[in-house]
Structure formats: C-alpha cells, structure tokens
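The same chain A turns up in both complexes below, where it pairs with chain B and then with chain C.
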Partner chain A sequence: MPENPIYIARSSAIAARALAGEMMVMNSADSTFFTLNAVATAIFQAADGHTPLREIVRDRVCEQFDVDPEQAEADAEQFVAELSGHGILLVSNQPLASEKPR
Partner chain B sequence: MSLMSEVGQKAFNLGVPIAVHLDVTYRCNERCVHCYLDHDDHGEMTTAEINGVLDQLAEAGVFFLTFSGGEVFMRRDFLELVEHARRLMFNVKIKTNAVMIHEAEARRIRELDVDTVQISVYSHHPEVHDAITKLPHSFERTTKAIRFLKEQGLRVTIANVLMTVNSADHAGVQKLAAELGVHYTLDPTITPMMDGDTSVLSLRIPGEELPDIFHNPALVGSQEEFCAPPKPPSEEDLEGYSCSAGHSFCYISPYGDVFPCVQFPLPTGNIRQQKFLDIWNLSPQMKEVRSIQAKDLTVCSSCSHVSSCSRCPGLAYMEGSMRGPSTADCEKSFYRTGVPTANMLRQGLAKPRGRSGNHAPLIQIQPIAVPA
Partner chain C sequence: MVALRKVACVEIGGTPIALATSNEAFLDLLRQRYDGFLSASRPEFELEFDLESARPASDDDVRVSREGDEWLIKRGDFHACWDPRSRRGNVRHTANPYSLDSVLRIVHSLILAERGGFLLHAASAICDGRAFLFSGVSGAGKTTMTRLAPPGITLLTDEISYVRPSPDGYSAFGTPFSGELAKAGENCKAPVSALFFLEQGPENRVGELSSTEAVRRLMRNILFFAEDQGLVEKLFATACDFVARVPIRRLTFYPDARVWDLVREFEPNFQGVPQHA
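What follows is the complex of A and B.
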C-alpha cells in the first residue's frame, strides 16, 4: 500500500458519456476508444482531482459492489495506471484540478 | 465486430441517440453550385438556445456531435459553442469550408480537443474549386487552413463531392490529401434543394459513370468485396432496419427542428417548443420511422439486394414513401454489382440507365470512406 495518497482527475482531452451504466471514453489525441464496466465507471466518475483513490474505492466501489477492499484498491490502481497511460486520467500524489477544456 | 460497432449496436437496441448532427447556421460565405440550402437566416437559434440544446443532448446520452452548416464560422459564437460542447464531454466533429480558419482558430480548435475537422475540397485545380464555390481564392484559403490545422496536429478529412463539373478530379484531390497528410472521403452526392427544387440534380454524375468509381480499388478498397453480388436475405435480414436514422441518430436544424436524419426531412418536433427527449421518445413520426423493418418495405422486401443495399429511408421519403424504394440507392446497388434491383425490374428497366435515358429523380450515394 502506498504511503502517499493517489489523486486522479479526468483529462480535458477526452470525450465521455455513459451508455446503460457503462462509460464510453475516447481520447481525442489518438481516437483510442474504451468502454468502462460499472466498477471502472464509478471510479472514473469520482475522479474529481481531490478525493484520494483509496477513499473513492472505499465509498464508491466497496459500498456499491461486493468486493474485498484490498483487492479492490489493487485493481483500481492498475486500472488508473492503464487509463493514465492512455491520457484518460491524470494521476498525482497531490490534489489536482479536474481539467476543463481550456 | 469492433468495440465501436458494438457500442453503436447497443445504442441502437436501447434507442439512445448516440450521435447527433447539428447545423448551427445555414448562412455561408460560399455559394456552391450544388448546395441544397437556402442561405438566408430565418431565425436561427441564439447562443443560449444552442447551449441549452447541448445540455439536453448530453443528458439524453449523445456522445458523437457533428457541428455543421452552412458555414459554421459564419457564427461569431461558433468556438464558444464548441467550448460548451467540449465542457459537456462530447466527441466533436466540425464540418467546414475552412475559409475563415487561420492560425488562431486552428490553435483554438486544438485546445478544445476537437476530434476531426472535415473540409470540402472539390478539385486540385484552384480554378475548378473556385468556380464551384463561387468564392475567388477559396481553394488557396481552404488549403492554407488545412495546413494550419495539420500544424496543430489535428485530424483533418477532405470531403470531395463529385459532380459533372469535377468528376475527373478525384484522383488529383486524393493525391492532394496525401500530400497534406489528411484523410480523403469521396462523396458523389447531389441532394435536391430544401424547397424541393431539383434543378441542381443536373450536376449529378450520370449513372453510366458510377462503375468507374465503384470499380476503382483506390477508392473502394477490395473491389471483390465491394462489388460482390448480393446474398439471398435471411430471416434476420428481413427483421432488420434500414439505418440508424431515428434509432440512434438524428439531425437538428439551426431553427431547432428535429429530423430523423439530415437527409430525411420528416419534421418530428421543434426543440424551442418541446424538450429534446420528449421529441425523441414520444414523437409519432420518430416512432413510425423506428417501426419499419425490411420485411415491411413495399418493393425492397422482395429485392435480392435487401440485405446489402444502402437504401436510404430519407431519400425514399423524398420520393414519396419512407417504406418505398430509393431510386438512387437502387442505381447504386445495380452499378456496384451489375445485378438489377426489384424496383428496376418492376419498372421494366432491364439494363442500366445512362445519360440519355436516366429519368431517376436524383443520384444519392453515401460517402465512401477512403483510408489516407
């Protein structure tokens, strides 16, 4: 478990919309298209830049989905790293301003 | 099936309007010889009204948003509208002639993370392009704008509408697109004027010239696949629907009128008087469009092309019945495969109609996407 909290925010470069509870996300830089399942959608929607990931997992994932907290946090970190690699999420150890189009 | 196709099918099945084409104005700085629009402003929506529409579209689940016109940059607030749309996280595509795009506009479009800019180019010969747009130096200004957009790293597509006056130029425009590093789309579409005037249809490419396009691998890819004879329709094919119009796609005019598609002038409601979702969900016209299955089509249900034809219900509607055939698509199917359609056989047309004997009301063909 990392000592420092992880903060996540949605990039301004993306397009996103929920379709039947699952989030469609497209990165305008390379038109990479993703759909997120219900758990990933919950994390994505809570990515406001100032709520620590651990808190998001506790309040949005473990509360709504019957999952083991430690496993959920590990999965969430992996998911966040993957979306960060695609420029969908911004990740920092400091609070972030959730990006709006400039 | 690609992920994108899966999502499109899901939206179709759920009746979610995943894509909307919004014309923000019919005004234009060009006067293209083939244009179907009346360029006067009859009371287009204000900035606040359009922003309100965008809010409603986001709420309704729209993901893909196309801004078009007219010329979108005739509105001084256009980039403000794009900014609002991006704040609502739409995937935004802009259709424009690009004449008013300079470095500053290109930079702003990049900053707003617009997905694609589609630009009309009619010929690689400036004099031919300018004669079609009736705007002197438009070719020079448009191609300069494409370079500005490319310098910003934006995705650009050249849309090449083909008609009699530029029919020989598609290879040149395709080459120009490659030189500029942009995608190329061929569109042999000429549409009747909005007031029903069909005089512009004299610019259509004669049917006898269509095989040159459909059988050109540089334009259609695998000729074997594209021109393959139709397969007999299955039960599933006959239970199927024509296209996404009214199912997961619709069109909104600058005056707030909502239609199933940009080529389907069946009024279903006005967004100034009703909520978008009320029109989408409750309009009897939308429901009727949605109800039509291939087996319900008066002529096409017995046609060998029914499972592969690009039959446009909007064009069929303009010909008299949204359940009837679209002559233009019949011709497309015929010239693509060489197999006559049920509609042609019904009319006793045993062979293709050429320049002299073509009484079809229009030639209307969906764009053919060509990889860059």
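What follows is the complex of A and C.
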C-alpha cells in the first residue's frame, strides 16, 4: 500500500526573490533568510499545495537533474521538513489551499 | 493657560519634518543639535514634543508596533505615536538629545521604508562627486574610515547613512546622526557609487561578495525596528533592488590613509545584477 502523499505549499508569510540566478527566501515574521540551490528552487517553485511531493521530485527534479530517484525523494523530504520548521513551507497529507507569497 | 507652540523644521534626506514644542529651552536644544539641517522648506510631516520630567534615561530596546493606522514607538525614556496618513505624530519624552535622535531615526526609517529607501549602519562620504558607503558591525572601522579621510572628502556621516532611490540608482544624504566621531555630517547628497562592507586586515584590498551574501549583510545592517510583515517585505525588495543596481564589495583595510586611494580609484566593471520576484 502506497504511503500517504505529502503536499507542500508556500507560506504567505514569506518573500522570495531570485537574484543573479539564486533564489533567496525570507520569513518576514522573523527576517530569517535562506538561499536555495537549483534543486531546492525547483521544489520550492512547484509547491502549489496540490501536487504531491513525489510527483514534484519525479517531474521537476529527476527530469532536470542527474540524481538517484530514491535519494532525491529522501533529500526532498528532509528539505521540506527543514523549511516547514522555519515557516517557509506548509506541509500536509491533504491538498492545501495555495498561498501566494508576496 | 495658552502655551505658544514653536517650530523648527529639520530636513534630513530631503524630507523636511516640523518639530514643534512649547518649551523654549528645548527648541534651543533642537536648533543646536540639528544646526546645518534646519530648513525653510515646507514641512512634509510634523512631530509635536511634550516634555516630561519623570522618565528615566533608558537602555531598553525600542518597540515599534502598529495599532490601527498609527505606529506606537516605545522605549523607557520616550513614548511616541506616529500616523503616516495624517503625517503627524506626538512624542512624550525627557529633554534628552538621545531620545530625540532615536525618535527621528525611527520616524525616518518608517518613511523611507515606504519610499524604497533605508537607513544603514554605515559611514558615508563623497569623493570626487561620488558617494561611498562603509558598513559593518560595531568595531569594523566605520569611524576609523572617516578619521582617515584625506582633505577633499565630504563626510556624510560616521554612523547612520541615509539612502534613497533616485532615477539612476540610489543617493546618499548627509545626516546629523553621528557615532564616535561626535560630529554631524554635511547636509548634501551624491549618487551612491559603491557600498563596502568593512573588515580590518593586514592589507588594503577590495574583494567580491556574492549577491545573496550582499543582501544578507545589507539586511543585517539596515536600521529597522517595526514589527510589521508588510514593511519587512518591502525592505527585502528594496535590499534586493539595491544589490542589483549598486556595486557591493568587501573592503579589507589596514588602518592607514592609503585605503582611500583604493576607494578613489574604485571603478567597478558592473552591469547590474538580474533579478525577479
């Protein structure tokens, strides 16, 4: 039986900006900053609340980057958990309403 | 009893603010402290000062919070409210110049945040018609840079730089907010040619900084006190825009006057940094 899908959405309490090809994300509640690499940026940009993380990894990560699918999924789950802990991403086992960052 | 209000208009960063008080001695203190920044311009904003005798001097952190349309600014030695819509505010405080500077800095930081500018923990100076900013944590060398400035350099501030957007980029203005130098800057402005983050070292050297590191350092050194998500986001957008339009470098310097030769000769090969939201 497949595991429960993970859905991710960007929090509305963040500001994101790409500068010189790098994505910077700031939690505006506490002004903490994160710089995302290319893989993390691909996941972050695909976090629409209704595409399961596994699909995002398959379509946006494995398609574009030379990575092992199992490793990519494990890394993505770790990355999502970390950003969720900082209030950047919302995570659920149910589809989420899309929150557009400002 | 009718108390006559007296007004001094203080213009910092091209933003004239009327400072009103009914206390003659306090008005004198205002005029002395902001001599060089007194203006005959029509004020854009007004702050009314009510003196109190009982508030103790304070090292408390300032709190700036929003209540409806008003900003509340509180510290042990003063209590102010500021309404950006009516462009007026009121300050209750002791006749202490540090309280006065603090309130003015906070009000300017709020005005600037809405206008795409900022106050920066940085010394700044004009050299050959170009403004240079020197930022860093306390002890990094802001005041030292200004002390080492050779003749012909116009000092804008040794502590708090005033930065506003302009059609061609950003401009830096002189401020009366001084640090260890205890000397107000000149009341003039120039286009910002570069921002240097200072680090003391064994030699004078200009080094590169990545755009993301520049944004991170810039945000860390911008003076901003308000607990307000919308304004913090605006400030982030402004910091990214500044980094995209102004060369930002690391300046390692050995404290001698030759560092100014590096600054004077600084000609970046800078085409701007692509950015998008």
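Criterion: the second predicted complex is superposed on the first by the 97 of 102 C-alpha atoms of A that agree within 3 Å, B and C clash if a C-alpha of one lies under 4 Å from a C-alpha of the other, contacts with A are read in each partner's own complex, and residues count from 1 in each chain.
Operating definition for what follows: a residue touches a chain if its C-beta (ideal position, glycine included) is under 8 Å from a C-beta of that chain, and two chains touch if they have at least 3 such contacts.
All values derive from a computational prediction rather than experimental measurement.
Colleague: Put chain B and chain C onto chain A via the superposition and say whether they clash or fit.
Modeller: On the superposed model, which is not a single observed complex, chain B and chain C clash.
Colleague: Considering only touches as defined above, state whether A:A15 meets chain B (first), chain C (second), both or neither.
Modeller: In the superposed model, A:A15 contacts both chain B and chain C.
Colleague: Kindly classify A:S28 by the partners it touches after superposition: chain B alone (first), chain C alone (second), both, or neither?
Modeller: Touch partners of A:S28: chain B and chain C.
Colleague: Looking at A:V91, would you say it contacts chain B, chain C, both, or neither? Reply first, second, both or neither.
Modeller: The answer is neither, since A:V91 touches no partner chain.
Colleague: Per the contact definition in the header, classify A:A46: touching chain B only (first), chain C only (second), both, or neither.
Modeller: Neither partner.
Colleague: Pick from 40-48, 76-84, 220-228 or 274-282: which stretch of chain B gets in the way of chain C?
Modeller: The superposed arrangement places chain B into chain C at 220-228.
Colleague: For chain A, which residues lie in the overlap of the chain B contacts and the chain C contacts?
Modeller: Residues 13, 15-20, 24, 26, 28-29, 31, 33, 35, 102, which sit in both footprints.
Colleague: Please give the residue numbers of chain A that touch chain B in the complex, ascending.
Modeller: By the definition above, chain A touches chain B via 12-20, 24, 26, 28-29, 31, 33-35, 100-102.
Colleague: Given the complex with chain A, which residues does chain C contribute to the contact?
Modeller: By the definition above, chain C touches chain A via 210-212, 215-216, 219, 229-230, 232-233, 236-237, 240, 243-244, 273-277.
Colleague: In their complex, what parts of chain B are in touch with chain A?
Modeller: These residues of chain B touch chain A: 3-4, 7, 10-11, 14, 16, 18, 58, 61-63, 83, 86-87, 89-92, 111-115, 155.
Colleague: What residues of chain A sit close enough to touch chain C in their complex?
Modeller: Chain A residues touching chain C: 13, 15-22, 24, 26, 28-29, 31, 33, 35, 102.
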